Amino acid sequence: MLDYQALLDYIAEAVQPHFGKGKVANYIPALGRVPASKFGMAVQLASGESFTVGDAFEPFSIQSISKLFVLELVMSHFGDMVWTRVGKEPSGDRFNSLIKLEMEQGVPRNPFINPGALATLDLLMGLKGDTKHRIRNYLRFLAMNEAVDTDAAVMNSELAHSDLNRAMAHLMKSHGNIDQDVDTLLETYCYQCAMTMSCKDLALAGLPLATGGYSALHDAAVVSAAQAKRINAVMLTCGMYDSVGSFAYRVGVPAKSGVGGGILAVIPGKMSVAVWSPELDQFGNSYVGTAALEMFTSMTHSSIF
Amino acid sequence: MLDYQALLDYIAEAVQPHFGKGKVANYIPALGRVPASKFGMAVQLASGESFTVGDAFEPFSIQSISKLFVLELVMSHFGDMVWTRVGKEPSGDRFNSLIKLEMEQGVPRNPFINPGALATLDLLMGLKGDTKHRIRNYLRFLAMNEAVDTDAAVMNSELAHSDLNRAMAHLMKSHGNIDQDVDTLLETYCYQCAMTMSCKDLALAGLPLATGGYSALHDAAVVSAAQAKRINAVMLTCGMYDSVGSFAYRVGVPAKSGVGGGILAVIPGKMSVAVWSPELDQFGNSYVGTAALEMFTSMTHSSIF
Amino acid sequence: MLDYQALLDYIAEAVQPHFGKGKVANYIPALGRVPASKFGMAVQLASGESFTVGDAFEPFSIQSISKLFVLELVMSHFGDMVWTRVGKEPSGDRFNSLIKLEMEQGVPRNPFINPGALATLDLLMGLKGDTKHRIRNYLRFLAMNEAVDTDAAVMNSELAHSDLNRAMAHLMKSHGNIDQDVDTLLETYCYQCAMTMSCKDLALAGLPLATGGYSALHDAAVVSAAQAKRINAVMLTCGMYDSVGSFAYRVGVPAKSGVGGGILAVIPGKMSVAVWSPELDQFGNSYVGTAALEMFTSMTHSSIF
Amino acid sequence: MLDYQALLDYIAEAVQPHFGKGKVANYIPALGRVPASKFGMAVQLASGESFTVGDAFEPFSIQSISKLFVLELVMSHFGDMVWTRVGKEPSGDRFNSLIKLEMEQGVPRNPFINPGALATLDLLMGLKGDTKHRIRNYLRFLAMNEAVDTDAAVMNSELAHSDLNRAMAHLMKSHGNIDQDVDTLLETYCYQCAMTMSCKDLALAGLPLATGGYSALHDAAVVSAAQAKRINAVMLTCGMYDSVGSFAYRVGVPAKSGVGGGILAVIPGKMSVAVWSPELDQFGNSYVGTAALEMFTSMTHSSIF
């Protein structure tokens, strides 16, 4: 069997030349202050074994990776009904563009661009109970870590810089595709994006998607086997902002990234891998993290293609 | 081992209720005359075994599926240089839209939308020798069938209806992204699209992409193992016009479709599958063919997700 | 001298066949309840003489015509500085489209599309004092009518249907082109749009633009002579939503319309003309009102072309 | 009466500081070789009197100004039927953009953007006889100058750089909005654009539009009085590329410009004015020419607003 620990150690060394080529997200001060030199990686095998390297236990802002978990929650409650509110096609535009949203009558292209995540969350908020608690509890359960929580400073900072997301929410609401009050929706959305998790947390949280929706470790099915496959398909075609094609070409596995520098990748049938490095490429994906995953899938022959 | 023949027989029966829901392409008369009731399917295993059902030996117009084989040819000659002429991201627009092409300075989003296929072909035409012969010979080799040829009536009919493709070619040429004379380029493009192949031919032709670029049956490597993976990745994210997300969600394997009603699917490491049924859905993909492939990957558990 | 009264009487008769071809705005109930059969027209000559026909003294919702008066106020206080916040080119898109606004970094094309009116109002709100009072008092002064006021029911109804305008405001704010709080801005905007004035009021209010910015009747200059010319130019190229070209072609004078069915036209050097008829054409301009103005400028030879 | 000669002499002096701020068109070598320092201006009064200054008798490439004369020809033969092939609204995009053309099914926004001029010319070519001769003879008649002709070098150079225009023609043809063979259409279009005329020629040629379609000097009506008004209206709203609003704001009269540096302005009821200076602003309009016209209409109080 492959020596995953040695592989992670090798990768942590091999990615060093890639530092300094990206740019830490700075649209809110709280994210901009994270040191560019951070790097962590965690692998969670279906067998239960796990491996880590670097800053893999340090929590960071998961940002858009939260969209994946909220989609899971929504699909587990509403099934395919979610696709009446949001499409499952790549957008071909930036994650925060309003152009297609206007041209397509307020129906976002997929759940991983911002308006799609807002529509997905809006649906979840239709359930009884406190949506923030529901999301936090779900992430704690997935990560098997009761310490998982939101970072109030990041959340408030994002709320104060949420005009573009508000524009999307109001545009969708004008088309009848948002039910909730926009202020409440945005607050919940910033709450979800500001959740902090470590690579270790994320790798654990991603495991069920690699194992047919059911995880022996969690002793639970979070979604059905068919839903797990389908979420993976949506991740592969829509999960990496406007570079899904390049990512599929280079790395070759379903993944979801966040502007906090995290990427959660799913290797169907085998494992989940989380990586964190704050410098972003021009599309908003972790520069070093993508390189690390490319090495990982190449060396483990785990590209799905 | 799975009884593939029984499975194909079952699928040919099970898809019957899906006939009559799509529409045969009629933008040129030669395509519009094909009977809507045609259905064929062929499976080519890596082991060499193959299975067919229905009209699997009847040649039909491969249309855009030719883009896949031309991409292979170009990558085998020019490697990653092709990506200086065309991107590898989904477009989010129809396959024949000029909007993004104008906004992105004449660089098409990927090799599977029409302008991308034109740019790819343009690069191939830079090689010495007769490009039409090169393409025809390559398809004959892949299909192991010397009878593979273009349909001159279809080719001429398409040439006579090629204004939109000419518009794209001239727009790209105005940006310096087409080298060849546009008339010659268009004629060659229509030649390539008018090639006729059967499901059996296509399944054989697709095998190398399922087996790391090398095919024992062909006793040859058509592309490198890395190139095969990457072509599959581009197919999955860009191969099904503007419904790549839905196709990945439902079927879950890399595939390329054509408006002649054919779809060639690649199941990495295992097999290639070709299906033909002329009725198209609103995106230009075979309606019944998609349903048949969905049944196939579901029953064989061969979704890559 | 032309018998204006006879002309207005003639026009009121001649437009009868045009009723029933448009559609009363119904996006808010308060507007939808206005009888489609209303028709009024008022002419205010530079000499001080005025003429009216039909429902010319009945107040109606001026809606977007308010954008013209707010632009006057802003230009009188800020001069050409307004053009740092908003352009003066026709948009080529609908008045409520976000597409160009996103592509042009939150700078609206002109002050007469909704985002442009919001940016203009935002600038005005930077002045000390109550902006609502300032606008109301200005309209009362222009109309020489202390009864001019907002319709609270219309204002509140518009506020409750303001998602699209909110989307624009937030999009502009994300680009730094809105200073005020969006809620306050929208409330003031709905206040301005819900002002009710009669044709008689509007014709009087428009007179200064026809007479070099100064009006002997008002005994005041509301803008400079150069500013009056320029506002007229912006009206002609941008004042009639997405049919400025057709309106210039048919009617040939600067004008501003509102979805309440009013149109205020300025005939430079001579007079101002207001018309009201609630049925709208597909572009949101009064169907019968446009026909009436076409007759008027044709019979008085007052097209500026 | 105003001393027009003194005014032109003054303007020729006053524009000197504006030289060097624009850029001579260089997309074809023949245009790029014209000295940037050229400046000419000609005024043609309705009375028959005319005045000139500078290089007013030197022929230059009229380029897009030809669109105006071809529109006259088409309207005189086909009347309002032209509006079934082309709109009369400003486009809000660059003169050579394909985006709106695709979104609006191949119907160009107006006759003064390139696709609109192609559609207009296509209609004219439906008449029996040699279209090139028809255009040349019409311009000779309007300019009262048998020496008016096309510049074969410019024409051929433009033909060799016509990919973008070809793209538009093919896009329109794919929508059934071009009847002629695209090669012939393009050749005729380049012929029309390569006509050379002097300011003196152009001022004479523009006179009928200033005098109700009929010109005593020419002793002929080239279009009806209503058509003249309407052409002026289309010029004002669409004649200056993507800065019609700014031009109306600054200069305030209908005008058509060309990338050769010429502008022909019409002052309804009074006169026509032509100016030439090769440096262009960012929108493709003569930089110095616009400044000269702004001075002219300001000092003669001839803005139509």
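Going in written order, the chains are labelled A, B, C and D, and every chain counts its residues from 1.
Convention: a contact is a pair of C-beta atoms (placed from the backbone, for glycine too) under 8 Å apart; a residue touches a chain by one contact, two chains touch by 3 or more.
In this text the structure is predicted, and so the values were computed from the model without any measurement.
Of all chains, the one whose mean C-alpha position sits at the greatest distance from that of subunit A is D.
Distance between chain centres (mean CA atoms), subunit A to subunit B: 32 Å.
Averaged C-alpha coordinates put the centre of subunit B at 48 Å from the centre of subunit D. Spacing of subunit A relative to subunit D, judged by their CA centroids, is 55 angstrom.
Of all residues in subunit B, none touches two or more other chains. All chain pairs in contact, by the document's touch criterion: A-B, A-C, B-D, C-D.
Against subunit A, in their complex, subunit B makes its touches with residues 87-93, 100, 109-110, 228-230, 232-234, 236-238, 242-246, 248-249, 252, 254, 268, 303-305.
On the subunit C side of its complex with subunit A, the touching residues are 97-99, 102-103, 163-164, 166-171, 173-174, 182.
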